[in-house]
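Scrolling down, you'll hit the structures one after another.
Presented sequentially are two complexes of subunit A, the first with subunit B as partner and the second with subunit C.
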Partner chain A sequence: MELRKFIKDFADQFDDTDASVIQADTVFHDLDEWGSLVGMSLIAMAKTQYGKTITGKEIRECITVKDLFDLVSSK
Partner chain B sequence: MFRDFEERDIDFIYRCKNDEKLNSMIVGEWHPCTYEEAVNWVNGCIGEHETYKFWAVCTNNEEQRIVGWVSLSNIDCQNQSVCHHGIVIGDNTYKDGTAMFEAMLFSMDYAFNTLQSHRLYGSCLSEHKTSPHMLNALGFVLEGRRRDAVSKNSRYYDLLEYAILESEYQERKSNGGYDLNTLIVNFIGSIKRQNNQKMF
Partner chain C sequence: MNYNPFSLEGKTVLVTGASSGIGRGVAINCSRMGATIIVSGRNEKRLGETLSLMEEGEHAKMVCDLTITDDIVQAVQALPKLDGVVHCAGIGQRIPAKLLQEENIDRVVSANFKAPVLLQAELLRQKKVNKAASIVFIASIASWSPSLGNSIYSASKGAIISYANCLSLELAPRQIRVNCISPAMVWTDLILADGTDAEQLKEDEKAYPLKRYGTPEDIANLAIYMLSDASAWMTGSNVNITGGAFYS
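Entry: the complex of A and B
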């Protein structure tokens, strides 16, 4: 699993957020567009594109996009 | 988890009620809220009421800190119906979708198994990014569209009317339809169907 691709895939879940804003150290909970829609899309992305199951509780414990990458990688 | 409202929730409610973005797509009217109005709102939620019920959605630990709320209204014993009044997750950390579904499942369980309602109904703005798909995923049936029914943000919005019957709820529940993974698949499926319809 490659971090750069994960960041791009994660950024694709947003409609109105410029992809360049999303970096490894981005605190994703602070993004204006972060919400239920993106959260559910993230869980679905982990499942369909990476074959990994992540939970809401695990997402809540992550702070940065890199943390999300590490979470999915660890599964 | 879910609990009754408490006075310590007032500051959170005050912040949420004054968050314009959070309130931009709710069906009801929105205006900035004074602290006194927040106090009155919380006091109105506390305790038992004949026609409505509000719960604080809170952290699943000893602190039980409020992160949002969920509510039922128009509890109608004559027709055994109840309105899903609303759900708000105001804490960004909990806006991952799963807290929202957990709150919906909690209120549906209360409506059908505690109140023993026959029908649970609700409405949302047609352009709300999440609500129509959440209701579809939960098995609510779209019963109608009230055109230009809501005026807010200097324009009109269509209002979608949804409902689910007790028999439909129990059948879906017994078939595993309320398993979180199933809900997520159905939620994403609803979004994709909408996007495909927009393309053609």
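Entry: the complex of A and C
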């Protein structure tokens, strides 16, 4: 798993947030567009693109995009 | 005083999805009301666990994956005549509409709509359903109450309700009744589909007027009513059972 690709895949889940503002250290909960539907998209993305199962609770415990990457990597 | 219009004594009832969740609760509680139950499910071991929790009786297992159409014919051949069928087998799914793929639609619609419809057709073709029997489908308030990521599940439940309405007309001449139960959230494995976690749901549960989600037993008791002679004049109905929750 590559961090740069993960960040791009993560950024793809947003419609109105410019991909350039999403970096490894971005606190994603603070993004205006972040919400439960994007969280659900992230769960689906982890499953379809990485074959990993993550939960809403685990996502809530992450702070930065890098934390999400580590979460999915650890599965 | 022996008056009990809710008794299921002398009735033989097929319960699908009986290896867990609402199906298991229905099988157990119907056996307590005196019914002879055929428990159906894919997993023989878990069906055995359901049987072990039931009142003693001449109960039987029907191990079958109802989404495999060819298996249904054979499984139905082995069944006795039925006074009731409770279609509980089903799966959940939470995927945003934007990300849906063909396989996501096929998986849910196959289990929640196509399988019960084809099983019901086969039961009727093989004349396994007695006169004045009762057919119950476990639908969901999801059919009219939207929630995020639930589009295909909701649609599959809406489809089964529409189907059941038509079936009730077709079977009425033989006094066979067809009804749906639409629960709100019930504590089963199904509601934990696709990463939904229990903590989140426990928060949501507090917003219910009766302060809790349902249990399989809550739903089983309504199924008992629908299977019993107490509901002899009820057909083509869809009953919401929600702990007071009313989403809009």
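Definition applied: the second predicted complex is superposed on the first by the 75 of 75 C-alpha atoms of A that agree within 3 Å, B and C clash if a C-alpha of one lies under 4 Å from a C-alpha of the other, contacts with A are read in each partner's own complex, and residues count from 1 in each chain.
Criterion: contacts are C-beta pairs under 8 Å (C-beta built on N, C-alpha and C of every residue); 3 or more make two chains touch, one makes a residue touch a chain.
Every value quoted in this text rests on a predicted model; they were computed, and no experiment measured them.
Q: Looking at the overlay, does A:His29 come into contact with subunit B only (first), subunit C only (second), both, or neither?
A: first
Q: Quick check for you: in the superposed arrangement, does A:Thr64 touch first (subunit B), second (subunit C), both or neither?
A: In the superposition, A:Thr64 contacts neither subunit B nor subunit C.
Q: Tell me which partner A:Thr53 touches in the superposition: subunit B (first), subunit C (second), both or neither.
A: both
Q: Quick one: name whichever of subunit B and subunit C touches more residues of subunit A.
A: If we count touched residues of subunit A for both partners, the winner is B.
Q: Thinking of the overlay built on chain A, is A:Met40 touched by subunit B (first), by subunit C (second), by both, or by neither?
A: After superposing on A, A:Met40 lies in contact with both subunit B and subunit C.
Q: Which holds for A:Thr17: it touches subunit B only (first), subunit C only (second), both, or neither?
A: A:Thr17 sits against neither subunit B nor subunit C.
Q: Identify the residues of subunit A that lie in both the subunit B contact region and the subunit C contact region.
A: 36-37, 40-41, 43-44, 47, 53, 55-57, 59
Q: Where on subunit A is subunit C touching in the complex?
A: Counting only subunit A, the residues touching subunit C are 36-37, 40-41, 43-45, 47-48, 53-57, 59.
Q: Touching subunit B in the complex: which residues of subunit A?
A: It comes out as residues 29-30, 32, 34-37, 39-44, 47, 53, 55-57, 59-60.
Q: For the complex, which residues does subunit B have touching subunit A?
A: Contact set of subunit B toward subunit A: 21, 89, 92-100, 129-130, 133-134, 180-181, 184-185, 187-188, 191.
Q: If you look only at subunit C, which of its residues touch subunit A in the complex?
A: Contacts found on subunit C: 94-96, 98-99, 101, 148-149, 194-197, 199-200.
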